[in-house]
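In the two assemblies presented below, chain A is common to both, partnered first by chain B and then by chain C.
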Partner chain A sequence: MEEKEFQISPFLAFYLVHSVQLGVGVFGFQRTIMKSAGNDAWIAVIGGGIAVSIIIWVMYLLLNKHQKDLIQIHRDLFGKWIGGFLSLIWIIYWLMIGIVVLRSYIEIVQVWLFPMINIIMFSIILLVLVYYCVTGGFQIVTGISFLGVVIPFYIFFTFLYPIEYTHFRNLLPIWNHSLKDVTISTKDMMLGYLGFSTLLIYYPYIKHPKKSQKWAHLGNLLTGVIYLFILIISIGFFSENQINRHTWPTLSLWKIVELPFVERFEYIGITSWVLIILPNICISVWASAKGVHTIFNIKPQKVVVVSVVILLILLGSTIAIEGRENIEKLNKYMSLLGLWLVFVYIPLLTLLSFLLSKIRRRNIEKA
Partner chain B sequence: MKKWRNRRSLFKDKESEIGSPKNTEKDDSLGDLLKQLTLSNDFTQFTYHVNETSLCIGYYTPLIDTEILHRDILPYLKKWESFSSLSSVLPIEEVILTADAATIQENLLKGYIFIFDVNNLKQVCLVKAGVERTRQVSLPEVEFSVVGPKESFVEALDTNINLVRKRLPMPELTIKEMIIGKLSKTRVSVLYIEGIANKENVNTVIQRLSDLDFDQIMDSSYITQLIQDNQNSPFPQLIDTERPDRIASELGEGKVAILVDGAPHGLIGPTTIFEFFYAFEDYYLNWAVASFFRLVRFFAVLFSILVTPLYVAVLTYHYELIPKDLVSTLVTSRSAIPLPPILEAIILELAIELLREAGARLPTKVGQTIGIVGGIVIGTASVEAGLTSNVLLIIVALAALASFTTPVYQMGNTIRLIRFPFLLMAHYLGLIGVAVSFCFLLIHLLRLSSLGRPFLEPFYPVRVQDLKDSLIRLPFSMQSKRPIQEQTEDTMRFNPKKAKEKHDSKRI
Partner chain C sequence: MRKLKRMVQIILLPLFLTGCMNIDQHILDDVQLITGAAYEYVDDDTIELTTVFPNHQPDGSVKNETLTTTAILNKENRDKQSLQSEKPMVSGKLEVALYERNTAEKGILELLDTLSRDPSIGANVYMAILDGNPKEVLNKQYGNIDNGIFLSNLIEQNVESGLIHKTNLHIFKYKLYAEGIDPMLPIIEQKEGKLNINAIGLFEEDKLVDQIEQEKFFFMTILLERKGQKDTYALKTKEEKKASIVNIKSVRKYDIPKPMTNSEIKININLKAIIREYNDGTLNKQKIKKVENALKEEIETKSEEMIQQFQEKGIDPLGIGEEVRTRTRQWDQKKWKELYPDIKITVQAKVKIMESGVIE
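For the complex of A and B:
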C-alpha cells in the first residue's frame, strides 16, 4: 500500500477506468465492428462490456488477495527474473496503448485539420504536456482523468442533433447474423475497451481499494453506454454500405450539428478530444513508468529520467509509424496483445495465484 | 513541502552565522554606542541637571513624541531620588533598566528615550515615548463594495489588528507575532482562531515565516511571494485583501491570516482558485443575485482568456467553421487589413496593456483622461488606418474589461498574462493549440497547492459539500458547515435547524 498522502478516493476509480477506455476509438469503431455483425453490432458492444466487467471482477479477486500491484505479484509468484520478464511484457503493452492513442489522434488531426502539420513538433508539444502531468504524481494523473471526463462531457450531447435524421428501423431485423459473426465483432470491439488493465498497477494507490470495485464497474458501464449510444445513432443515421465508406463515422455524424455561430462541428469535436486522449496517454505512461520503477528498483526521485526515456520511446515510435496501413497494423497488434493478456493471462494468473497459495498453505500445515 | 522547508532552514543557518558576530563586536560598550549614535544628525543628546546630578538624555528625534518628553518625562525627573525609583516616578508603563548596549540600541530605534547618570554609566534607563504616524482608516479602494462596511486596512499593524479583533471579540482569536527582515525588522502577525483553525495549517504558516531569511519586507506581497507553495507560478496562492471584514469572516471559516506592519493588505490561506473570484460583497447580497454575479465573473475570466486566441485560431486556420452570414461580417471588417490575425491581435492586446499600465502609473485624474483618449482615439484611428478590424477591437476591449472583473487585483494581472501564451499557441496550432494551452493550464492548476491544500478544490478533489460556496453561493441557512478544504477542528458554524426557525406568528 502506498502512503496515505498519495492515495485517492475509491470513487475516482470510476474516472480512471472510464477515461482510459474512451479515446480515439470512438471516432471509428463503428466500421470495424459492423464489418462482421452489421446492424447487430450493438450486441457486440454489450457483449464486450459484460466480458470486460467479468475481467474487472477477476482482477479485483487477484488484487484484493495480494493487496499489491501486478509487478509485485509477479515477483512473489515467479521470482525476480521470470516475474520481471512477464512484467516487462505488460509494460510494453501499456506503452503500446499510449503510442496507439497518440498516433491515431495525430492521424485524425492530420486528415481533418492540418494536412501539413509537423508531426514531430506536434507530438513533442503533446508529450511535454504528458510529462508535466506524469511528473506531478498519480494524484495529478487522476485529476486530469477526472477533468478529462467531466469537462468535455458536453460533446456527447451534440450527438442528439443527428437523431432528427435517423431511421431506427435500420436496427431491424435483430439477430440476423450468426453467433460467430457477433463473436468476431465482439472481439473487434475489445480495442475500444482496452486500457482498463492499468488498474493492476494503480490499485495500491486507492484508499479502501475494495470499495472501488463498484466504481470500476460503473466506469466500464459508462464506456459501454457511450459506445452503445453512438453506435445506435450511427446505425440509424447511416446505411451499412455508407458506414463502410467512412473511416471515422463519428466525425461524419458531427457534420449535421448546426449552431447559429458554428459550422463544421467536427473541428470542435476533434479539438475537445485533446482533453479526452490526454488522460489516456498520461495513465498509460504513468503505469509504464511506475512499472519500470518497481521492476528495476529505481528511486522515486529519478521519475524525471524514467518519464523522459518513456516519452522519447513514445515520440520515436510516433514519428516512425507512417501511413494509414501501418497505423491499422499497430492497432491490430495492440488489440491482439491486449486480448491475450487481459482475457487469457489475467484469469490464468488469478487461478495460479489461488492454487499456489493453497499448495503453500497445505505445505505449511504438513510441516 | 518537506524539501522546501529543509532548503529554507539550511539557508537561514548559514546566513545567521555570518551576520551575528559583526553586530556584537560593533556595540560592546556604551561609549562606543554613544559615538556611533552621535554620527547621525537626527540623534539628539543633551544633559539635564537635577539636584546636583547631571542626567544625560538621548533619543532619535523623528521617532519620539516630543510632547511625551516635555509633559510626562522632564517634569517628573525633578522628583528623582535614585535611579531604581525612576520607574515608579514616571507616569509611563514601559520603563526598562539595563546596561546592555544591544538592548539600548534596539529600543532607541523603537522610539525609546535613554536617561543615565553621567557619573554612573552602569545603569541606563529606557523610557518609551514612541510616536506612530499613520493615516486614518479609510475607504477600501481596490475591493470597493456598494453594500457593507467601508473600512480598509492601513499601514499600522496595531490599527489593523484592532479592525479585526473588534469584529471577533473572543479570547480564542490568537495572534502570534514575529520579526522578519534583517534590515527592515518588520513585525508580522499570524492570526487564527484557536479551536477552529487546523493546527497543521497554523504550524505551516508559522514555520514558513520563521524560516524566512530576507533583508527587507516592504509589504505583505513580499510575504506572499516568499512563502507560497510554488513560487514560480503566475497564480497567487494566498489571497490578498484590504477588507478587515473579509479577514474576520475567513478566520471564522478556519483559515489563517497574516498581517504585516506597513502593509495595508492582509493575506489569507489556505485558499482555492475559486476564492479569487469572490467579491466580499457576494455575502452582502441575496444568494441568487450573488450566485449570478459570481457566474458572470467566472465566465468573464474564461471569455477573457479564450476569446482573442479563438479569433486568431479561427481566422488563421479555420474559416470554414464560421457560418456564411457571420463570415461576411468578418470579411468586410478584415478586408482592408494587411496584417495576419496574430499580429493584429498582439498589436491591439499590447495597446490595451499600454493603456492600462499608463493609467495605473499616472495620477488618478490624468489617468482617467489617458484612458478615454487612448481608448477612443487610438482605437478608432487604428481601425480607420486599417491596422486592425472593428470586430477584433470589440473583442479585445471586452476581454480587457472582463479581466478587470476579478475582485482580487493580483489574479487579474495573472489572467492578462496567460492570454499571451494562448495567443501564440493559437497561431501555431489553431484550435488544437488553444486546447493544448488549456490543458497546460488545467495541469498547472492541478499541481498547485495553497499551504499544502489542493488549489482546485472543490472541483478536484471533488467535495460536494464545498460546492455550496464556490461558483455559486447558496443561502446562509445551508452554510452551516465550515469548508472541508480547511480541515477545521470544529466543523459546525451554527445549528442548521435553529437557523431556519422563525419565532414570529404566521400571518395569512
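For the complex of A and C:
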C-alpha cells in the first residue's frame, strides 16, 4: 500500500476506469461490430460490457487478496526473472495503448482538419502536457481523468442532432443474426473497453480499495451506455451498407450538425476530444512508468528520467508510424495483445494465485 | 521558487510551439467560397463542372458569378478553375449540388465520391436535378444573392413548409445504400426567367428513371413520412370549383400481415386537415362532409395510381421494402425485387376536416 498522502478516494476509480476506456475507439467502433452483427450490434455492446465487468470482478479478487500491484504479484508468484519478464509484457501493452491513442487521434486530425499538420510539433505539445501530469504523481493523473470526463461531457449531447434523420425501425427485427455472428461482434466490441487493466497498477493508490470496486463497475457501465447511445443513433442514422463506407461513422454523424456560428461541427468536436484522450495517454504512460520503477527498483526521485524515456519512445513511434494501413496494423496488434492479456491471462493468473496459496498453505500445515 | 519557474517554462513552451504546427489558415476574405456546383457529362467520362460563388460588391450587394471547366475528375476541374480565379476555391460552404437531367439518367454515383470523401463538405448539402444546361441556367442572377444560396433557400423553404419531401446529401446516400428504398431528388427547371421545382425525380439506385409531377407532391409527402404536417393540396370539388386543404397532422401506418409473401400490403393514412380557401359559396356541414369524402377518395385513388407507377418501374421511393425488411427475418433483397411489382398495395385514408377558417 502506498503512503496515505498519495492516495485517492475510492469513488475516483469511476473516472479512472471510464476515462481510460473511452478514447479514439468511439469514432470507428460501429463499422467493426456491425460487419458481423449488423443491426443486432447493440447486443454486442451490452455483451462486451458484461464481459468486461466480469473481468473487473476477477481483477478485484486478485488484487484484494494480494493488496499489491500486478508487478509485485508477479514477483511473488514467479520470482524476479520470470515475473519481471511477464511484467514487461504488460508494460509494453500499456505503452502501446498510449501510442495507439495518440497516433489514431493525430490521424483523425490529419484527415478531418489539417492534412498538413506537423505531427512532431503536435505530439511534443501534447506530450509536454502529459509529462507535467505524469511527473506530478498519481493524484494529478487522477485529477486529469476526472476533468477529462466532466468537462467534455457536453460533446455527447451533440449526438442528439442527428436524431431528426434517424430511422429507428432499422433496429428491427431484433436477433436476426446468428449467435455466432453476435459472439464475433462481442469479441470485436471488447476492444472498445480495453485500457481498464491499468487498474492492476494503481490499485495500491486507492484508499480503502475494496470500496472502489463498485465505482470501477459503474465507470465501465458509463462507457457501455455511451457506446450504446452512439451505436443506436448510428444504426438509425445510416443504412447498413452506408456505414461500411465510413471509416469514422461517429465523426460522420457530426457532419449533419448545423449551428449558426460554425459551419463544420467536427472542428469543435475533434478539438474537444483532446480532453478525452489526454487522461488516456496520461494513465497509460503513468502505468508504464510506475511499472518500470517497480521492476527495476528505481528510486522515486528518478521519475523524471523514466518519464522522459517513455515519452520519447511514445514520440518516436508516433512519428515513425505513418499511413492508414500501418495505424490499422498497430491497432490490430494492440487489441490482440490486450484481448489475450485481459480476457485470458488475468483469469488464469487469478486461478493460479489461489491454487498456489492453497498449495503453500498445505505445505506449511504439513511442515 | 524553482518549481514556479519550471511551471512557467512548461506552460510557455506549448504557446511558442503552436506556431510551428504548420496549420493552413483560410481567411474568409481571401478565399472563394463555392456555394453551388452543377455537373454535366459532356461525353462518357468527362464532366463539365459549373461552380457558383458570390462576389461581394463594395456597396454591399452580391453578384452571382460562375466558372465552367471540363475534366474527368471534380478536383481536376477545381484546379482548372483555380487557375482562372483570383482567390483559392474552397468547398466548405457548398450548399447545393445540381445534376443535369441526362447526367442523372446516366447515374451519379461516381460524382458523389467527391462530396462524400471531402471532410470539408457537410452532409446537409442539397441535391437537385436541373432541367437545362447548367452553365446557362446558373449564369443568370435570380435573387439578390448568388445562385448557390438562392437554390439552397428555395429547396429549404419548400422542405420546411412541407411542399416537398425532406432531402439532402445524407438522405440521398442513406436511401442509395439502404435495402428496400430508392432515393429521389427534386427537379428544378428554369421557366420564364425563374427557377422552380416542377417535379420530383425518382431513382433506381443512382439513375434517374421516372418522375412525379407537382399535383402528386401532396400524396408523396404524406405517404413518405410516418408523421406529416403542413402539406397543402387543392382539391377539386366540382368543375372549376376547388378547396384548398392544409394537413394539420397526418399519421401513416403500414399493415403488412405476411411480409415477404405476395399478400396484400395496406397503408393506412389518418389525416387531420383544415380548409384555407373555398370558392363554391358558403361552407356548411354537408359541404365539409363532401370535401372530406372527396379528399379521402382522392388520396386513395391517386396514391394507388402513384404506387402502381412505381411498381411498374420496379422502384420503391416510399420505402415499402424497408417496412417489410424490418418486419421479417427472411429478408432477401433479390427475392423482394421479384415480388415487389406484383404485390397488391392498397391505401386507406381517414380524413377529418377540423376547421374551416374564420368565416362560414
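A few remarks follow.
What we mean here is this: the second predicted complex is superposed on the first by the 367 of 367 C-alpha atoms of A that agree within 3 Å, B and C clash if a C-alpha of one lies under 4 Å from a C-alpha of the other, contacts with A are read in each partner's own complex, and residues count from 1 in each chain.
Quick note on the criterion: a contact is a pair of C-beta atoms (placed from the backbone, for glycine too) under 8 Å apart; a residue touches a chain by one contact, two chains touch by 3 or more.
What you see is a predicted model, and the numbers here were worked out from it, not measured in a lab.
In the superposed model, A:F261 makes contact with chain B only, not with chain C.
Of the two partner chains placed around the shared chain by superposition, chain B and chain C are both touched by A:I125. With both structures placed on the common chain, the touch criterion links A:N326 to neither chain B nor chain C.
By the touch criterion defined above, A:F114 lies against chain B and chain C together after alignment on the C-alpha atoms of chain A.
Once chain A of one complex is fitted onto chain A of the other, the partner contacts of A:N64 are absent, as it touches neither chain B nor chain C. Contact with chain B, but none with chain C, is seen for A:G136 once the two complexes are overlaid on the shared chain.
Of the two partner chains placed by the overlay, only chain C lies in contact with A:P173; chain B stays clear of it. Comparing the two interfaces of chain A, the one with chain B and the one with chain C have residues 113-114, 117, 122, 125, 129, 132, 263-264 in common.
Taken together, the chain B residues at the contact with chain A in this complex read 317-318, 320-323, 326, 429-432, 434-436, 438-440, 442-444, 446-447, 456, 459-462. Those residues of chain A that touch chain C in the complex are listed here as 111-118, 121-122, 124-125, 128-129, 131-132, 165, 167, 169-170, 172-173, 176, 237-242, 245, 252, 255-256, 258, 263-264, 266. In the complex of the two chains, the chain A residues touching chain B come out as 8-9, 109, 113-114, 117, 122, 125-126, 129, 132-133, 136, 140, 143-144, 146-147, 151, 260-264, 267-268, 270-272, 274-275, 278. Of all the residues in chain C, the ones that touch chain A in their complex are 10, 13-14, 17-18, 20-24, 92-93, 116, 119-120, 122-124, 170-171, 173-179, 322-323, 326-329, 331.
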